[in-house]
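Handing you this structure, nothing more for now.
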Amino acid sequence: MLRAHEVSVHFGGVRAVDRVSLDVPDGAAVGLVGPNGSGKSTFLNALTGVVPATGRVEIDGHTLPFGKPRAIRQCGLARTFQTPQNFTELSCIENVLLSDSDRRLTGLGGSWVLRPAMWRHERQRWKRAIETLDRVGLAPLAEHSSAGLSYGQQRLLELARGLIGEPSLLMLDEPSAGLNATETVRLAEILKQVHAQGTSLLVVDHKIDFIDSLCDQIVVLQLGQVIASGSPDAVWRDPQVVEAYLGEA
Amino acid sequence: MPGSSTDAALARPPIYRRQQYLGLLGVGLISFGLLSIVQSKFAYGLMQQWAIFSILGLGFYLVFGLGGQFAFSQGAFFGLGAYSSAWATRNLSFLWGVGAAIIIGCLVALVFAIIVFRADHFYFAIGTMAFSFIAIVVFREFTAFSRASGEVVGIPKPQIANHAFNTDYKLSALLIVFMLLALLLVILVERSPLRREALALNHHSQVASTLGIPTGKLRLLMFVLGSGFAAVAGALQAHRTGSLSTEQFSVQLSIDIFLILLLGGIGSIYGPLLGAAFVVWAPEQMRFIANYRGIIYGAVLIIVMILFPKGLVGIFEALWRLIRGKRKTPEDGLDPLAFDEAAIDGGANAARP
Amino acid sequence: MEKFMPLLMTGIAQGSIIAITALGFLLIYKATGVVNFAQGDFSTLGAYVAVWATTKHGWSLPTAWILAIVVLFIIGALIERIAYAPLRGRSVHVVVISTLGAALIIQAAIVRWMGPLPYSLRSPFPVREQTVTWFGARIPKQNLLIIGATIVCVVLLILLFQKTQFGRQVRALASDRQVAQLQGVRTTWMSMLTFGMSAALSAFAGVLIAPTRSVTVELGFGVMLYAFAAAILGGMGNLVGVVVAALAIGLVRQFGAGYISSTYAEIFPFLLMLVVIAAKPQGLFGGESRARL
């Protein structure tokens, strides 16, 4: 359960995100839309601690510490990026393993001293990673280098990385960008399954059909401010929203 | 599909399939094999130098290859280890000398890295250059136990529990054992979550931190470890040659260490060994190039950067694949030095030319 | 006072040399994003060219200076072609290592060409008239020359960057290379020019400082480290900030040597730099903190 209250991000005089408040209830799927430059990605960046921000964000009752990506991850928040940021030097399974929430004995102690215990944890992590890759259909490619994946597969890999460790909330930044129609449909199916299995989602995207099929609630941003929020039907009929989208052309 | 990948229960990070322990054994056999063949004092000297440079290179692999830090301080820690051991063994035994080198080296590295913790790559790199320079001046001027201008003589040969390593053969064997130990420690790091986390931190540290990886601490760890390796190498060098002078530890040496790692192959634990072998062996084979050493090294650096980003190891790997009839893998085109910071806002991802 | 004036003038003179080198380094950095580790060797080579011209060929000093500057301009442009252009589009680390390689080559080539023994470059002032007396202290005229030349140089550079087409293009390149290309800035040509100019600047620094010490392969290296320090302290982008920082470094060095400890004087500027890096990674004057490394 995510509660964001008056989150703001300033960039040298410009308010990229201006007092945005939104809630993602447990098990919900919320879409975040808006014309280009409305601050959607910046909002996600603020939540994951990548840019400095003000305001207050709570997840499952814990306050999120702004500007501390690691602590935020530990609070159960995971995200994907606008272009897939996979580590091409690593295999698919390693990419997924990086984001696991079980970090016991991943340091020097585990490496030089307590190796048997480290192996035990590693094997459990491998098992979880394979299961996660299976959820997105990439299990056969687990040991392959992530460099050789197609763009659609890169997106799925990033998704798997976001899913491992059962995050409380998974935030997706334009997950369908760059995918063709078939891949988009497939992605929507996978995300629906993920949602059905209990993960809360916050999805930023431009493809309206995609968002509508996935989300039960939509929040619209323009110039860093929330201009509408509610069910897809209500939002798309809102005159302010219509103008925001038409007006930008 | 290769059989191992379809069996989900057995899938694991491919790095664990690389038989590094076998490789360690191989290196050990080759080293001792070579050692049994050589006869001349000169050849022994080469092997000893190779072992020491390998340890230096392995340390730099941790700092730069895994940790991604551009650092010019390996030479300074080499010197720090040498002087520390020389100082300690005035009253204590050899192993304590090495211990002193490790402790002092790691402590100084830790303090330095914490001081410049908030600096990004470039400032850190220049900071290590400054550190190097400061270190040399200190070595030169701090004459509490050295002679004028940082000279030290009379450092004893290694001795462990009444067994003195005072023949060429014994000394070489000891140094090779140290090198194998260093290689083992690096292998242990390779075969652990540290490797993937270090590589992730290397390539997109901001993204890595959003995944929960402790990027700051990891960088620190790699730097301290690598500097510790350099200190040990320095201690061994001190006891091997018996004397020290400050010219040995200049920024020039740190640049040569870059060459050792890059030429050998930055993405592999065997890279430092190959690079060290080249740096030690090549000038002897090509006597005439000894005069042109600097020019050749500089040219090699540039050419390797342009043509062989994966270094000698990459060449060997390519040959190996050719022999086994495999086709190119997707990793072939990768530049192991492509450390790009992810541009997260707006999604633009390209490294600016 | 007897100690103060000479130290002050030497400090400003040293700072001036550092400033010129730092500006040359910044020129390349702003235009191409590359950290050029061969910067110091440009100075060394410049000094050696001047030495070669005067001692082996008996040419006059001004001719030797001009030769050094021109030759280094060409060499700078060449290095851009050989060590930088083929690696365009690769990561910056690769290019930096290339400049390291170039530095090695230059140093080794100098030793092959002129031998390892030190040389000296005579000063333009006649032997008996090397100093002036100000406020009761003897000041080497070379220092005054250095300071004067640097002032002229810096003013010219500022004018160049603020007022000319070339300067605008460099600034466009510095802020966004791709956009600059789209706007018609001829980036290949510009890269060569900036490398050449930077090398020429360093050569100028080299011939200015050579008469105050012996000319060896290490001549430029020490200056380069201080120049990096000045660039960092000055915030990596701020022309004035870098010049001020360079002067500060020269003064710290001299006054440190004179009043505190001459043996450790060399390291004071670096200690200062480490303190600045630790406390304020953006340098003292702000500006870009994110160099491309």
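We just call them A, B and C in the order they show up, numbering each chain from 1.
What we mean here is this: a contact is a pair of C-beta atoms (placed from the backbone, for glycine too) under 8 Å apart; a residue touches a chain by one contact, two chains touch by 3 or more.
Since this is a predicted model, take the numbers as computed values, not measurements.
The most distant chain from chain C is A, comparing centres defined as mean Cα coordinates.
The chain closest to the protein's centre is B, with centres computed as averages of CA atoms.
Between the Cα centres of chain B and chain C there is a gap of 32 Å.
A separation of 38 Å divides the Cα centre of chain A from that of chain B.
For the pair chain A and chain C, the distance between mean C-alpha positions equals 48 Å.
Within chain A, no positions touching two or more other chains are listed.
In the complex of the two chains, the chain B residues touching chain A come out as 1-2, 4-6, 8-9, 11-15, 185, 188-189, 191-194, 196-197, 199-200, 203-204, 206-215, 221, 225, 267, 329-331, 333-334, 336, 342, 344-347, 349.
Within the complex, the chain B residues that touch chain C are 70, 115-127, 129-131, 133-134, 137-138, 141, 251, 255, 258, 262, 291-295, 297-302, 305-306, 309, 335, 337-340, 351-353. Interface residues of chain C, counted against chain B in their complex, comprise 33, 35, 82-83, 86-94, 96-98, 100-109, 111-112, 177-178, 221, 225, 228-229, 232, 263-264, 266-267, 270-271, 273-274, 277-278, 281, 289-293.
Interface residues of chain A, counted against chain B in their complex, comprise 41-42, 45, 48-51, 69-70, 72-74, 79, 81-83, 85, 87-91, 93-94, 97-99, 101, 103, 106-108, 110-112, 115, 118, 122, 126-127, 130, 134, 139-145, 147-148, 161, 173-174, 177.
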